[in-house]
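Each of the next two complexes has chain A plus one more chain, namely chain B in the first and chain C in the second.
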Partner chain A sequence: MKAKGLYFSSYVLWLLLFVLAPVALILYQSFISINGNFTITNYENFFKIVAYLRMTFNSVFYAGLITLITLLISYPTAYFLTRTKYKQLWLMLIILPTWINILLKAYAFIGIFSQAGPVNNSLEWLGLGSHQLLFTNTSFMLVAAYIELPFMILPIFNAIDELDESLINVSRDLGANKFQTFWNVTFPLTLNGIKSGVQVVFIPSLSLFMLTRLIGGNKVITLGTAIEENFLVTQDWGMGSTIGVILIAAMILIMFLTGEKKRRGR
Partner chain B sequence: MVESIITFRNVTKKYKDTVILENISFKLEKGKFYTLLGPSGCGKTTTLSLIAGFMEESSGDILMNEQKINHIPANKRKINTVFQDYALFPHLNVFDNIAFGLKIKKKSKKEIKEKVNEALKMVRLPDFGDREISEMSGGQKQRVAIARALVNEPEVLLLDEPLSALDMKLRKEMQYELRELQKRLGITFIFVTHDQEEALAMSDEIFVMNHGKIIQRGTPTAIYDEPLNRFVADFIGESNIVEGTMMADEQVKFAGKTFECVDGGMEENEPIEVVLRPEDIEVTTAQKGKVVGTVISQLFRGVHYEIVCTDIDGNEWKIRSTKKVKVGANVGLDFDPEAIHIMRFNETETEFYQRLENYQGS
Partner chain C sequence: MKKINIMFFGIILICLTLFIISFELEKDSSSGESDKTVNIFNWGDYIDPKLITKFEKQTGYKVSYETFDSNEAMYTKIKQGGTAYDIAIPSDYTIKKMIDNHLLLPIDHSKLKGLGNIDSKFLNLPFDPGNKYSLPYFWGTLGIIYNDKYVKASEVKHWDDLWNPRFKNSIMLIDGAREVMGLTLNSQGKSVNDTNVKDLQAAYEKLKKLSPNVKAILADEIKVYMAQDEAPLAVSYSGEAMEMMDNNKHLHYIIPEEGSNIWFDNMVIPRTAKNIKGAYAFLNFMLEPKNAAQNAEYVAYATPNKAAKKMLPKSMQDDKVMYPTNKTISHLEVYDALSQKNLSKYNDLFLQFKMH
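Entry: the complex of A and B
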């Protein structure tokens, strides 16, 4: 009993110091204006200033696009992975890049997409000429999708892998062709995998700021970039915190929307 | 010639280098209850999967209504399956599970509703349509699975050990219900089980399988009373199998004596095996018995005692008796000539039935 209490108290301590306290501080800070007064001007500004609203829209729009791209790549990938012979090995190879620091990967892509990089070299060799690839929205989304891919594949892979093979047989037995079986059985039964994948990808994508700068060339300004600017450049910690609070609220909303709903029943 | 609904012509199924089914041929008649019976790994479920279309045969032909269906996919066959683990869709409720096949076939809402409700009534689960699958008991799930298959009005219903997950009492109940349902609907049922009692109780005809081959086929009584070999005799019910010699037609020697029997058609002095069912042996006094044995154990089984004796040759005899005996006592074992069944070594099914016909005909 005593040992259990000890473990539990260390968990509570961790929770207090590294989860609740920072959130409380951010929340408090968000009500402090640039002059040091306790007001709600920061929130008023957020919803009044068009730039912030555009950033919010950009964040949601690009996070949505990134999530959609990763989902479209991940689902078929995960599906075929479950049908390969050495599926655990292939899965490992997909997970492997997540062990590398995101900054290193971003720099790697700068090299790949640069004027004299391998992509442009190949394009030239094919006679298509060299193009400005870096610092475009396309390259930003591509790299973001690449980085998020394993986090989307993993939950979907697990969901498909756990799917009972006999349910597929039943569906075929009852007259459904392959497509109908996918649409009526496989897809709805792996929806929870998709939902957790979307959560894991969409929420971090909302506040991407390093990639927007390094790969996207700051053409897309998201809320993540705005927070960074407010804290490090304009030193308006209150406004930065306010955006942080709004991001947290958005995350909670997304979690709530994609969370597992309790099935109706009597 | 009765119309055959499913025909196997020299069907072989290999998985890599392992032969799962070896050159199987049979014809199934419309409207009968067939059982594929055998130990696990005998190929019975593979046979079912081939009929359903979940697997493709390595060689040979499968016919339905005299039409080749080798390359027709499962969803185009007028065959439905009830799976061992029910395999109900967890994301759909009872109604939608049963309606699945009809919705795929794009039937009208009204028709679906009518048919599903009818199917629910048929399996005695009216008013259960709104329930979630997780709210149903094992027996109820079983019935939903049956309703889901039958609502599509298949010509053949395949049942893959559908009762194995149920408790004893429910199982017996479902045996009656299934048999009843089959008779009422007149659909051909192909039932797979490893439970010999289940097979004997329900079937019109049983196929006993082992190692990818059909060992013996016949009505339950034929298979029980005249097993082809040691495997069938052992697998179907309990039996005493002793070695003996065929002296002449209707004369068999075992346990040191020659007895009158009803079998014949073997060679003179041919070594054979004798089968005597435990319930066909009666315990009497040592003087009256045809074979004398010493009781080595007695077990009370409720309906009867299970007695084990050894005779002077060292043969063990299992007996079912309602009379109690004393362990260690010498008792006599009595049996009728009809109770003795003779099995030849390495006789094939065709040879066996041929001999029966020839001998009884002469």
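Entry: the complex of A and C
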């Protein structure tokens, strides 16, 4: 019993120090105006200044697109992965790129997409001429999707892998065709994997900011950029925290929406 | 479960080993008391490393060298006082801010040797009258870099030329509110330190029209991109321009004659300094013309040390990029330290511009 209490208290201490305390500090800071007063001006400004609202829209829009792209690629990948012979090996190869720092990957893409890079070289060789690839919305989304891909594949893979094979056999025995089986049995049963995949990808995508500069050339401005600027350049920590609080609220909302609240009804 | 235990154990073991190694290394490098070490806080790649070795040999001090990448980051670190830096090298408007917030120690000119080597036009500047707190290290300007393969010299003479519809999607801008707002204000015949709300709004309205021409808003990466012919035009600093031009002979740098920014990076002694003697030793070391010249040759920014400038290779001395004529300099302005409110205004407008 004693050991249990020890484990439990260390866990609580961790939560207090590294989860609750920072969030509380950000929440407090977000009410401090640029003059050091305790007000709600920051929140008023956020909803009053058009730039911030557009940035919020941009963030949600691009994060949504990135999530959709990764989902479309990941589900089939994960599905076929579970059907392969050496699936653990394949899975490891997919996870391997996550061992490399995100900045290094971004710099690699700068080389790949540049005017004299391999992509443009091959386009030219094919007679399609060279194109401006860097600093476009497409390249930004492509690179972001590439980076987030493993985080979407993993939970979906696990969900499909854990699926009881006999359920599919039953469905086929009872006369459902391959598509019906997939749509009525496999898909609903792996929905939880998709949900956690969406959470893991969408939430960090909301505040991507290094990529917006390196690949997007600061033509895509998200809330992450605004936070960086408020903390480092303007040194208006209050406004930066306010945006942070709004992001946290958005994340809680996403968790709530993709959470398992329907269970109770059944 | 066993596997996980082994993995955790492995990770802890690796951490411990690394910790012990780094501890041992640090013990070696900082052996001796703290008054034998000089803590220097400087921009990245902003000193010839050979000079540090030379300084250590000459004076017997150990140098602990750390770098920062923005004035704001440096300011925050010094204000919080975690590390006792003996020397820091901030830019003009930050020096003013640090003086106002009592973060610097006054410099005793009687302990300096070779202050006379510094060109008098870089002394007694408005951000630090009488150089009570700072000594010039390097200086430079903001201007336009163009690639003669795509742009003719006659096409870029003024800031207004950036608005030319021919340059659609071809300009790389430096990611700074002061710089971009400043050049727009300059193009309208206003000061880079204008805080009139109407002027700023007008500048923003004009800046919005630049959006179609802007290819990207970047920081250090501009250097690499311009050298690779990724864009025909860029707005950046003279030192960065020098580096680009070394790598691509088609690049040229101009300072629009209607005005631009001139900036100074000066050496200061933060209030938290522990080794004041060591700090003065370093100041005097860097004032020596031979050392300043060596540094200027390595870093490729302009030295304010006129005795050192004479020691530079002829081609460097006559370089109009690094050392613009006095006539050009007379049109240039230093950034003032803005009040928090005005700084926010600049940044908000710049952020809105970026959204277009």
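Things to note:
In this text, the second predicted complex is superposed on the first by the 253 of 266 C-alpha atoms of A that agree within 3 Å, B and C clash if a C-alpha of one lies under 4 Å from a C-alpha of the other, contacts with A are read in each partner's own complex, and residues count from 1 in each chain.
Everything below uses one rule, namely that a contact is a pair of C-beta atoms (placed from the backbone, for glycine too) under 8 Å apart; a residue touches a chain by one contact, two chains touch by 3 or more.
The model shown is predicted, which means the values in this text are computed figures rather than measured ones.
For the composite obtained by superposing both complexes on chain A, the positions of chain B and chain C are free of clash and fit together. Of the two partner chains, chain B is the only one that A:V185 touches; chain C does not reach it.
When the two complexes are overlaid on their common chain A, residue A:M55 makes contact with chain C while staying clear of chain B. When the two structures are aligned on the shared chain, A:K87 is found in touch with neither chain B nor chain C.
Once the two structures are superposed, chain B and chain C can be ranked by residues of chain A touched, with C on top. Of the two partner chains placed by the overlay, neither chain B nor chain C lies in contact with A:K105.
Once chain A of one complex is fitted onto chain A of the other, the partner contacts of A:S171 are limited to chain B, with no touch recorded for chain C. After overlaying the two complexes on the shared chain, residue contacts for A:Q132 are found with chain C alone; chain B is out of touch. Think of it this way: put the two complexes on top of each other by chain A, and the tightest Cα contact between chain B and chain C is 29 Å.
Those residues of chain A that touch chain B in the shared complex are 164, 166-167, 169-177, 180, 184-185, 188-189, 263-266.
Those residues of chain C whose C-beta lies close enough to touch chain A in the complex are 70, 72-73, 76, 169, 172, 175-177, 214-219, 221, 224-225, 228-230, 340-341, 343-344, 347-348, 351-352, 354-355.
For chain B in complex with chain A, the residues that touch the partner chain are 52-54, 73-76, 79-81, 83, 85, 87, 89-91, 100-101, 104-105, 130-132, 134-135, 148-149, 152. Residues 34-35, 49-51, 54-55, 58, 110, 114-116, 132, 134-135, 213-214, 217-219, 221, 225-226, 229-230, 232-236 of chain A touch chain C in their complex.
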